[in-house]
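This report concerns only the one structure given below.
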Amino acid sequence: MKEFTHLDEKGRARMVDVTEKDITLRQAVAQGTVVMQPETFQKIVTGGMKKGDVLGVAKVAGIMGAKQTAELIPMCHPLNITNVEITFNPVEEKHCIEIEAQVKVEGKTGVEMEALTAVAVAALTIYDMCKAVDREIVITDIRLVEKKGGKSGHFVRGG
Amino acid sequence: MKEFTHLDEKGRARMVDVTEKDITLRQAVAQGTVVMQPETFQKIVTGGMKKGDVLGVAKVAGIMGAKQTAELIPMCHPLNITNVEITFNPVEEKHCIEIEAQVKVEGKTGVEMEALTAVAVAALTIYDMCKAVDREIVITDIRLVEKKGGKSGHFVRGG
Amino acid sequence: MKEFTHLDEKGRARMVDVTEKDITLRQAVAQGTVVMQPETFQKIVTGGMKKGDVLGVAKVAGIMGAKQTAELIPMCHPLNITNVEITFNPVEEKHCIEIEAQVKVEGKTGVEMEALTAVAVAALTIYDMCKAVDREIVITDIRLVEKKGGKSGHFVRGG
Amino acid sequence: MKEFTHLDEKGRARMVDVTEKDITLRQAVAQGTVVMQPETFQKIVTGGMKKGDVLGVAKVAGIMGAKQTAELIPMCHPLNITNVEITFNPVEEKHCIEIEAQVKVEGKTGVEMEALTAVAVAALTIYDMCKAVDREIVITDIRLVEKKGGKSGHFVRGG
Amino acid sequence: MKEFTHLDEKGRARMVDVTEKDITLRQAVAQGTVVMQPETFQKIVTGGMKKGDVLGVAKVAGIMGAKQTAELIPMCHPLNITNVEITFNPVEEKHCIEIEAQVKVEGKTGVEMEALTAVAVAALTIYDMCKAVDREIVITDIRLVEKKGGKSGHFVRGG
Amino acid sequence: MKEFTHLDEKGRARMVDVTEKDITLRQAVAQGTVVMQPETFQKIVTGGMKKGDVLGVAKVAGIMGAKQTAELIPMCHPLNITNVEITFNPVEEKHCIEIEAQVKVEGKTGVEMEALTAVAVAALTIYDMCKAVDREIVITDIRLVEKKGGKSGHFVRGG
């Protein structure tokens, strides 16, 4: 097993030095799921209100959240991300919203934290916008799905 | 079922007006879990490195994340939170870290989003600090556990 | 004419000391206008895309912008605003979008800068989302419309 | 007329993917105007206080505002801008201050939003510093004046 | 000697819970000094450039820095500060600039970190604006000078 | 003596235009010292609490502070720093903690402000975590120690 790169030889936390890394195209895809009561799901997806507005706000929040990753996660490097894409997949039978975020950059380090942060912030925003009707919402299964570019190669979850 | 308070009569997103609400003591407790490979768990909890450093950084990140909630979640009100407490419960048989955040404020609106954001940011930080050795980490079961204060009364999950 | 309260006796900039002011309900309403080409206006309001999405994103941006006022405007006091409401009025014959923001707080100082900032950020966001089709968009007439609460009394523009 | 690049085929908002764009020198110039009462203008420009201090603070605010553009405007890409220049042109006969901001970057996307944001924040700061004596100030005519670099070529307003 | 309130019984860092504290007027005064070469000092204070501009920018930066204290210092509580005052005392014989910051709030916890942060950011800004001519500048003696309000009473340094 | 590059010909503050500068590897090392009472020093370094926790939090704060430099210091350029390293050297006989920060970037301008800001924020955090037991702590001797890369060459303090 490899060593934790965020911890120096004395176990102190540290930022990984990426100065010598190559600038390459790097992409990451993360997913997560927001599970809610069936009535809440209906209200979000097909209810009496304008379809999709909860998801519209969650999308904006997720994109903006990706841009704040380096301010939230202590050891993350600031990056000029060149794209964030967030898509929602409402699954009626499980009354949940699946969230997927894809982030790209041309840089010295990858963007998996940006993709995961985008998913987390979009999920928290869905919770926030529905909490007045449903306090039992659960945010679950936030995970990396795919990662390309850089020395560590192409990662596909379960692949 | 109550109406979504974040959506006006035309379905447009809006901030809830809390101007007329009373200033009372409000508390919220949220939890979440970070599941990892057994080797990763051992490295975090009892490994060759200084015990607890990953969790030490995650704790700081979670506390600072709680303070940024209103900048991350579009419809959240800025609040002068008076306490954030984050505790970690490592569960060896499930090789996971359970995270609990408690937030308090004396204000016009509750702090459940702050508690949930603290959990999410702490979880993302654990992921970030371990990702060099384990890309299959999953952040799961982020949820509100308890909420006190304000008009909506005392909520206990599953209670 | 009153003296500039942001400048001390030597002309140096300073924050106004509001420590001794009363905590009262304070509200402010600001407006502004985004003027564009007729085709751009049609695309925003009735075009082939989902109606209102440009305005949906602009609304979120304006609300979030209001919360960042004290970080943008050097001498502004941080405030826990309790409501931000943003409405858009598309005026077809002038192919412009009128923006109105209302902000409320219970505090020691007013929220006119928050209302004006909300309008400015919403307007800049409309520009950003349409700039690929129209670089001649103009943001104009950003002004305070009404202000209530506090020692300076009730201000109504042109009233 | 070109399509809105910020909206996908379903009308959902999205960030434009600039990953494949070339890194080139990009510049943008924006302008705006702050119109006030003649007495306010005199106080700013030639009054009893140190000349130019309102403008000094507004300049700092505008430069710092340009650096926060990607945190304010949802679909903007973060950029390492290499220069922001803000100049003020006081026009006595119209008792207004004209503001011009020029921003430069070597990057994959342009800086017109940064230039427009710099103008807007500088204008809001002038308002803030003068509002105790003049609540009728109007911020007007915020617009792009020139843009160079990148695929879309050289834009000159009215040119 | 009292116990460190920021460390729980196991030595883990924590935020101090100020929920039960009284809301009172709290003030703090901090000072610090920026020592430079005599030529640099002359350039700042009496040189060929507009007198005081370096200090003008440093003042704005210090005030804005005070407002960001809770985002910089992990265990600090967010506070709605009601005043920040920064004054500079140029001392020719020691070719240094003394900085003093006074911060006020009506709240549940004190503002000494805000006053110290204001001094530090103002000092760093002076360094930044002069570094092209003097890389040997030293920022020194940042310390609390006075503190009033709250349970811990009136502190005067060396008093 | 060279001219202040942050001031234009009229003495107005300005950002330095680094657009035309080369992208090279740039490094900076800064230091500073936090002096405290002997009992406070003992508590931090060898006391009854877990060794090093104050320094653990200060390290995280310093790293995150370096990433916020361009938001704190008005004329600083935003940079994608590739490494921040913070080390603490406790000096028992002087009951002080010496702080050293090294920052790296591959960019058009140097990172001395990032290194100095990292030191300042780490020092302020040590103060914050110990202030309940020691209000006489002094932050002192914050200075640039070494700087490499870019046109101005290799600077070594006192070298």
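Should a chain be cited, it is by its letter among A, B, C, D, E and F, assigned in written order, with residues numbered from 1 in that chain.
Basically, contacts are C-beta pairs under 8 Å (C-beta built on N, C-alpha and C of every residue); 3 or more make two chains touch, one makes a residue touch a chain.
Worth saying up front: this structure is predicted, and the values here are computed from it rather than measured.
Student: Of the chain pairs B-F and B-C, which one is connected by the greater count of C-beta contacts?
Tutor: B-C
Student: Measuring from the mean C-alpha position of chain B to the mean C-alpha position of chain E, what distance in angstrom results?
Tutor: Centre-to-centre distance between chain B and chain E: 31 Å.
Student: Return the distance between the CA-based centres of chain A and chain E, expressed in whole Å.
Tutor: Inter-chain centre distance comes to 37 Å.
Student: Using mean C-alpha positions as chain centres, tell me how far chain E is from chain F in Å, no decimals.
Tutor: Comparing mean C-alpha positions, chain F is 16 Å from chain E.
Student: I need the residues of chain F touching at least two other chains; which ones are they?
Tutor: As it turns out, chain F has residues touching two or more other chains at 12-13, 16, 53, 56-57, 60-61, 64, 68, 71, 74-75, 78-80.
Student: If each chain is a dot and touching chains are joined, what shape do you get: line, ring, star, complete or other?
Tutor: Here the contact pattern is something else, fitting no line, ring, star or complete shape.
Student: Considering the complex alone, what residue numbers of chain A touch chain F?
Tutor: Residue positions touching the partner: 12-19, 21, 70-71, 74-75, 77-80, 107-109.
Student: Given the complex with chain C, which residues does chain E contribute to the contact?
Tutor: The touching residues are 25, 52, 56, 59-60, 63-64, 67-68, 78-85, 104-106.
Student: How about chain B: which of its residues touch chain A in the complex?
Tutor: Touch residues, chain B against chain A: 1-7, 10-13, 16, 32, 39, 43, 49-50, 53-54, 56-57, 60-61, 64-65, 68, 71-76, 112-113, 116-117, 120-121, 123-125, 127-133, 135-144, 147, 155, 157.
Student: Which of the residues in chain F end up touching chain B in this complex?
Tutor: For this pair, the touching residues of chain F are 53, 56-57, 60-61, 64.
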